[in-house]
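Input: structures, listed below.
First chain A sits with chain B, and in the next complex the same chain sits with chain C.
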Partner chain A sequence: MTYVSFLRAECHLVWRRKQNMVNSVLFFLLVVVLFPLGIDATPMFLSKAASGIIWCAAALAILTSVESLFKEDYHDGSLEQWLVSGLSVPILVLIKMALHWLFIALPLLLLSPVLSEVLYLPDNSFWPLFMSLMLATPSLFLLGGIGSAVTVSLRQGGVLMLLIVLPLYLPIIIFATSVTKAAQVGLPYDAPLAILGAIFFVSLVVSPLMTAISIKASVN
Partner chain B sequence: MSWAWLHRLGSPKWFYGRFKAWPKPLFCLACLCLMVAMVWGLAIAPPDYQQGNSFRIIYIHVPAAILAQSCYFAMGMAGVVYLVWQIKMSPIFLQAVAPFGALMAFIALVTGSIWGKPTWGTWWVWDARLTSVLVLLFLYMGVIAVQSALEERSLADKTAAVVSVVGLLNLPIIKYSVEWWNTLHQGATFSITEPPSMPMAMWLPLLFAVIGLYLLSAAVILWRMQTEIMRREARTQWLKQEVLSDGV
Partner chain C sequence: MQSYVSLTLSNISIERGERDLCKGLSVVAQFGRLYQIVGENGAGKSSLLKVIAGLLRPVEGEIFLDDKVIGAAMNQWPQDCLYLGHQYGVKRLLTVEENIRCYCPNASRENIHSALAQLDLLPYQNTPVKQLSAGQAKRVALSRLWLSDQAIWLLDEPFSSLDVKGRALLESKLEQQLKRGGLVILTTHQALLRIDAQSIELTL
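And then the complex of A and B:
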């Protein structure tokens, strides 16, 4: 196994399971639809809440799709192969996460213009929203990957994984929505964007290492 | 300089023998300190000129909040130590400290909210400090949940260490949330390096309360660590002898 062959195999796997991607997009749309129907469908409320709604829905969609990131690899023994392959496990983890980000978060990003129209997001805050999604969804994947690896050996690991990962998502969501909030009232929003970038870099360093440690401990 | 003392700290046997006698005196000292602080702070210290008597809750709120953060920092450090050096004592410490820290975070939140009602006019505001302490509580609960959900000891230890290390990211956010944002919560009340911003008669009981709670945490955590050592090393010979020589 080399990094290139690993990447190719993972690409094949992701492509063969296109349905996963479709499912997470559908889930994202459904969560977004819940808010206008459940709370208030007037433009006045929605234009204020739009970025928060999109962010919460994106976080939940990513969380549910990340949950099973390593599940099949664990059950079919691929994780053991990773460990004995002599390749660096953190880099393998990073490749896998990047690929899944491309396949799951990118469709959400592409949908965001449509959704921001549907939710009456003011025009001046669309780009800030888009930038915050671009910067922070990778962190969501990286942090979620840790939770996924930690609970991979549990049969009912889903709730535990949510308990571990959601508190880590909260600061990201706070900073991400403060980007659009600042943009809506015409304030500069580069400070929260910078913090999101900082969180991304920290999780880029920490997450593959921690995920690799958890994988090693789980496979044993 | 010899590092033997540090290496010995990693051995449950040595640790157990060394600190066997510590919790009780520590606990008594802590009770004494806390009693002084409570009587002084709640009854003797002068009332605040703006808040009246309601300010007195800081004698519980501030120490609990400080301990909640310190415990998390210690837990995260123990996690790093375990992941890097695989020292046997660190998961034991981690396991002992997590529920105590969670309790402290909970007390800080509850007392803050009780104080907020007469002073801010509301039980809860979604400001940075309050929210990040709430996140801290969730992080503690996550660590505790991991420890109880994973059956296999070594896996549970590793996982709890990973979770607590990742959660360390939250600490700077709590620490600086009051300085970064202009929030409702005021700046730090208590600092050793700067002269106190309140009169001595109010500050000294707070000092006692903080020291007392630190002592209490040391006592409780040592106690819990001993119990955990006994549970983990139940099959070893030295523990058998230890227990038998105690005449149990």
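And then the complex of A and C:
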């Protein structure tokens, strides 16, 4: 196995499982549509709540898809093969996460302009929202990957995974929504964006290493 | 293929959960020979293979390749070692050829073709593995034996779900590996028909 052949096989795999992508997009859309129906569909309310709704929906969609990131690899013995391949497991993990981000989070990003129109998001807040999604959804994947790897060998690991990962998601969601909140009242929003960037870089370094350690522990 | 003389397990003790498996096991495995790990269910056959493959850290003991110590965190070692576990890492959604190309990216088209022909998988080259039978999926995993040149093969139950013809084919492949100076360590409950196997006994 080489990094290139691994990447090629993973590309084939995500393509064969395109229904996962459709599922997460549908889930995202449903949450966004149900929110106004359930609370208040007036432009007054929605324009204030839009960024929060889009962010919660995106975080939930990513959380549900990241949960099973390594499940199949664990059950068919691929994780063992990663470990004995002599390749660096953190890099394999990073390749896999990057690919899944492209397939799951990118469609959500592409939908966000439409949804922000639907939810009456003020025009001046769209770019801040888009940038916060762009910077922070990779962190959601990277941090979710750790939880997914820790619980991969457990039969009912889903809830435990949520408990492990949600505290890590909270600061990301808080800073991401404060970006658009600041933009809506005309304040500078560089600081929360910079913090999101910092979280991304920290998780880019830490998460593959932690995930690799968890995979090693799960395989035994 | 790099050539070695021996793989030495020295005073290996393995622990799974609360149980001790193989306390103080010492074996010198010579290259060019086949070693069969024998023992009852739960005696730790697969765990011992995992320890040798570096997937599991023994509680005690060391493993030497010739006179070089190799531990659970080794670098040079995996290139010379092919480990096929109970689950052998074949992706059900990928086709036979895509699976092989993932693990053996350097194999030439002709080599893959001839390996598939020997394994009776040629008609299924572009079939997803999930549509194959258990024995055929096993053959897909075993095709790596035909296509890579590691010196050490660690095989966990390689004969399971193979038919008579498949068993004979695998045994002749194992013989070839021994002839070119490789080492094979495997677990199986069936007796090997053609190869004179050394046994590594594990007791509960």
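To be clear about the criterion, the second predicted complex is superposed on the first by the 220 of 220 C-alpha atoms of A that agree within 3 Å, B and C clash if a C-alpha of one lies under 4 Å from a C-alpha of the other, contacts with A are read in each partner's own complex, and residues count from 1 in each chain.
Operating definition for what follows: a residue touches a chain if its C-beta (ideal position, glycine included) is under 8 Å from a C-beta of that chain, and two chains touch if they have at least 3 such contacts.
All figures in this text were calculated on a predicted structure; none of them were measured in a lab.
Student: Contact-wise, after the overlay, does A:I95 reach chain B, chain C, both or neither (first, second, both, neither)?
Tutor: Neither partner.
Student: Have a look at where A:P167 lands relative to chain B and chain C in the superposition and call it first, second, both or neither.
Tutor: So A:P167 only meets chain B here.
Student: After lining up the shared chain so the two structures overlap, which partner does A:Q81 touch, if you call chain B first and chain C second: first, second, both or neither?
Tutor: In the superposed model, A:Q81 contacts chain C only, not chain B.
Student: Looking at A:L143 after the superposition, I want to know if it touches chain B, chain C, both of them or none. Which is it: first, second, both, neither?
Tutor: A:L143 contacts chain B only, not chain C.
Student: Go through the superposed model and pick first if A:R17 touches only chain B, second if only chain C, both, or neither.
Tutor: second
Student: For A:I54, using the defined touch cut-off, is the partner it touches chain B, chain C, both, or neither? Pick first, second, both or neither.
Tutor: neither
Student: I'd like to know which partner A:N220 touches here: chain B for first, chain C for second, both or neither.
Tutor: both
Student: Between chain B (first) and chain C (second), which does A:V206 come into contact with in this model arrangement: first, second, both, or neither?
Tutor: Once the two structures are laid over each other on A, A:V206 reaches chain B alone.
Student: Could you tell me which stretches of chain A are touched by chain B in one complex and by chain C in the other?
Tutor: Common interface on chain A, chain B vs chain C: 220.
Student: Touching residues of chain A toward chain C in the complex: what are they?
Tutor: 1-2, 4-6, 8-9, 12-13, 16-17, 75-78, 80-81, 83-86, 219-220
Student: Under the touch definition given earlier, write down the residues of chain A that touch chain B in their complex.
Tutor: 143, 146, 150, 153-154, 160, 163-164, 166-168, 170-171, 174, 199, 202-203, 206-207, 210, 213-214, 217-218, 220
Student: Please output the residues of chain B touching chain A within their complex, sorted ascending.
Tutor: 83, 131-132, 135, 138-139, 141-142, 145-146, 149-150, 154-155, 158-159, 162-163, 165-167, 169-170, 173
Student: For chain C, which residues are in contact with chain A within the complex?
Tutor: Residue list for chain C touching chain A: 50, 53-56, 75, 77-79, 81, 83, 85-94, 98-99, 101-103, 105, 128.
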